[in-house]
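First chain A sits with chain B, and in the next complex the same chain sits with chain C.
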Partner chain A sequence: MAQRQAEMRQFNTVRWTIYILVALVVVLPYVLRLPLPLKFTPSRDVRKLYDRMDSLKPGSHVLLSLDYDAASQAELQPMSRALLEHCFKKGLIPIVMTHWQSGLGLDKQVIDEVANKAKEALGKEVKSGRDYVFLGFKPGYSNLVLNMGENLKGAFDKDYFGQSTGDMPALQGVTSLKDIDMGVDLAAGSDVGMWIAYGSDRFNFPLGAGTTAVQAPDMTPFLDSKQLVGLLGGLRGAADYETLLDMPDGGTTGMLAQSSTHVLVILLIVAANARLLLGRSARKRE
Partner chain B sequence: MFLKRLTIPLIIVFVLGLLAFVQDYVPHPLAGEFREEMTSWSRIIGGFALFLGAYSLLHMHVTRIRRKTAGWGYSVFVFIGAAFMIVVGLHNEGLGPLQDIEGGTTWFDWGYDNIVVPCGGTIFSILAFFMASAAFRTFRARNLGAALLLIAAVIVMFGRVPISETVGQWVFGSSAVFPKLTDAIMDYPNLAAKRGIMLGISLGAISQSMRILFGIERSYLGGD
Partner chain C sequence: MPEVEYPSGKKRQAIEMGVLALLAVLFLSVSLYVQNPFAKGADPAKAVGIIVAAGLTLVMYSFLYRDNALFKIAENLYVGVTLGYGAILTWRTALRPDVYMPFFEAPTRAAFMAAVLHRTVPIILGILLVTRISRKHGWLSRYAYAFLIGWGAGVAIPLTTHTFILQQLYSAIAPFQSAAQGATATAFSASWFWDVALPVFGAVLVLIGTIAVLFYFFFSVEHKGAPGMVSKLGVLFLMVSFGASFGYTVMGRVSLLIGRVQFLLFDWLKMPK
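Right after this comes the complex of A and B.
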């Protein structure tokens, strides 16, 4: 009994020490406002997506499906911001929508924020219905994508603000997904696979994706088969895109905290295995 | 009775399942109309599922409060949160439900921005603490397979953060060493494993769909 209690005490001490260490390495870089001493080269898959977006002519339509909610905003919201900034900078027309009702407020926030920023940076007002379209949320998931493939304005007869999509200047020349020049799905769930199966493969438009770091390895088969033109994986993906855009923001500032946390986890793994090996050799000696 | 309980649902599943499958390959306007009809139906059924989900959630928390099970106090917050969002959503700044509000921030927006978003982010961020603790306690090189997995994980974890480029430059004179190693792990062993898993899952899903379509698999009807 006493031994069990001692083991539990030790377990709790180790656990809380790790929690405190993680909290410190995550929070300190932000609190102390440490500068980012790390230079990094954007990864291959991010560069591919950036180059594809950058090669589009002004006035091209980019469908952005922001399929996430507050739980994944730390990783995916910086990606949304960077992609929208790229669109406005290049004069592309983003058509924003979501399959996640709980993420609708975040989508509205990021659009307003980037539109206001673009107004300051570009000196011209970025207007809904003319420079971008916010379609909002509609249920249906894969069926909705299929309907958009048949008739986009039928699937969304009004945008988020209640404006009719039928005669919207920003949607001139767009009748279905076949007229989209590029699609990007930023997803916290299994939405990328659905967009490939029911959207890009069927209606023949290039698709890129952004996912949480945990999901990024699942996307490699789609990158290899060219069903995805590029990928932003986790916060690093957002930071890489910001670097390519030369507009450092939330992704870049998060890199120091992410680097220190990854190093801490690696050190913890090394420490645990060193303890295991030392224990083994001590038992052998006995 | 038997006909109603078993045969009719099986016929509905077979006919609609077959039509849903076939419409994918038929480039005829009728197929598109059928799909739009099915979309409407799926939304209606989804609406019922929402009621069922809400009922199930609230019922579970009512039971927890009534029985005073451990942590029942948290269940009270479920009702407070749900009631707050429902009331301010329906009140809609005095305009009533489903009315558009031009500009400004509503109480519903305030609840979303200041409660839903921070709480959602907080819950997910707790994972970092658990993962670090779990990595320390369970990631051990007990045998060759575990050691290989561990080495691959450490390389990928390190190669994915910018500090790996700085360290690579110091140690090997090239900042690309760790990112390239990471890409190699992702492009070959990871890709092969992921593709195998995807093919397996897809074949399983196809065979299960066929079993349901032809009435071999009937557990969804509530039987054995």
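Right after this comes the complex of A and C.
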């Protein structure tokens, strides 16, 4: 009984030590305003997506499918912000939609935020229906994408604000997905695979993606097969894009906390393994 | 991992309740001082929203101490709010514009007739799906499911085969094809190394990895001798794959924590960025 209590005490001590250490390495960089000590080079896959977006002519249509909700907001919202900022900076027309109805509020929030910021930067109002389109949510998932591939304005006869898409200036020259110059899916679920199968492969438009870090390794085969033109993986992907855009924001500011936590996790793994090995050799000696 | 046992007793509960009350008062005081929803020119709805979100975030993290009543309340609130929000959005974004309005707010008789023509069958199929809740009439939902599965499979099979099998096969073979085409060109030069040799090496590695991993799960042959070595190689590839996934998962989970910390510091406590 006494041994079990001692074990429990030790377990709780280790548990709380880890919690406190993680909390400290995440919070302290912000509180102490520590600068990022190293310059990180954007990854090749992020650069590819950035270059592809950057090569589009002003007035080109970029479909942004923001398929996530609050649970993945920390990783994907900075990507949405960076991509929208890039669109407005380059004079591209983003067509924003979502397959996740629970993410609709976040989408509206990021569009408003970036449109206001662009208004300050460009000195002119960024208007819905002229400079961007917010289609909102429609049920149907893959069927909706097929429908958009046949007739985009039929699939979304009205935008989020209730404006008719039929004679919308921002959608001039766009009748279906075939007329889209570029698509980017920011997804917390299996939406990227669906967009490739039902969207880009079938209707022939270049597609990029941004995913949560957990999903990023699963996207590698699509990069190798060039079914994806580029990939933003997790918060690091957002930070890379912000660096290329020269607009540091939520992704970049999170990098010091992220890096220090990674160092802590590595140290903890090394310490735990060392303790295991030392314990094993001690038991052998006994 | 030993199961954690907490000593029970009225004294401990009283201490916990006291600490909890103290923390609640501290939280409210800090929130009201920093957010100040009653200040002139303040946006009370936004301030209250931030206070509630910050409170719920802290309550969620209270689970690290142990399961508690506040965590349970927040957990149930999350499920309830998500369902309620989903129901309203389903009405506003799907049922109202696609079912209600075409019939009950049709601008012309022709529009009403078009709705009857195009929407009646899908609506009936949709209603049939709902019959699942009745034991007596649940069998009716099979018609809707049969339609859904038949149509879905017909559309999905060719597209997914093309995207996930044929395109991936082509991508696996492509390095060999380009190597064969460029075999007579500048062999052993720098561009040959990057454009030909390295992709071929990668493709061969993927091939060996795929075979070795599949062999690890092949139990008709005893994993001894040569088969054992192949199987061990498969384990090695699996470990590398799990390691990559684990690394990315840690990164993802830390990002979520960073997101909440950023919210608490910059939005709730209004710390300058």
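Everything that follows uses one rule, which is that the second predicted complex is superposed on the first by the 286 of 286 C-alpha atoms of A that agree within 3 Å, B and C clash if a C-alpha of one lies under 4 Å from a C-alpha of the other, contacts with A are read in each partner's own complex, and residues count from 1 in each chain.
Please note the rule applied: a residue touches a chain if its C-beta (ideal position, glycine included) is under 8 Å from a C-beta of that chain, and two chains touch if they have at least 3 such contacts.
Worth saying up front: this structure is predicted, and the values here are computed from it rather than measured.
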After aligning the two structures on chain A, examine chain B and chain C and state clash or fit.
clash
So in the superposed three-chain picture, is A:L38 touching just chain B, just chain C, both, or none of them (first/second/both/neither)?
first
When the two structures are overlaid on chain A, which partner does A:Q3 contact: first (chain B), second (chain C), both, or neither?
neither
For A:I196, is the partner it touches chain B (first), chain C (second), both, or none of the two (neither)?
second
Touching partner for A:P217 - first (chain B), second (chain C), both, neither
both
Touching A:L144, do we find chain B (first), chain C (second), both, or neither?
first
Output check: A:Y30 vs chain B and chain C. Expected answer is one of first, second, both, neither. What do you get?
second
Given the options 6-14, 96-104 or 150-158, the segment of chain C that clashes with chain B spans residues 150-158
Chain B/chain C common contact set on chain A
19, 22, 26, 73-74, 102, 139, 143, 146, 213, 217, 221, 224, 233-234, 236, 258, 261-262, 265
Chain B to chain A touching residues, read off their complex:
32, 35-36, 38-39, 42-43, 46, 100, 109, 112-113, 116-121, 123-125, 128-129, 131-133, 135-137, 139-142, 150, 153-154, 157-158, 160-163, 165-166, 175-176, 179, 183, 186-187, 190-191, 194-195, 198
If you look only at chain C, which of its residues touch chain A in the complex?
1-2, 4-5, 64, 82, 85-86, 89-90, 93-94, 97, 155-156, 159-160, 162-164, 167-168, 170-171, 241, 244-245, 248-252, 254-262, 265, 271, 273
Going by the contact rule set out above, which residues of chain A touch chain C in the complex?
4, 7-8, 11-12, 19, 22, 26-27, 30-31, 73-75, 101-102, 104, 136-139, 142-143, 146, 158, 193, 196-198, 201-202, 212-214, 216-217, 221, 224-227, 233-236, 250, 253-254, 257-258, 261-262, 265
Chain A contacts chain B in the complex at 14-15, 18-19, 21-23, 26, 37-41, 43-44, 69-74, 102, 105-106, 109, 139-140, 143-144, 146-147, 150, 161-162, 213, 217-218, 220-221, 224, 233-234, 236, 239, 255, 258-266, 268-269, 271-273, 276
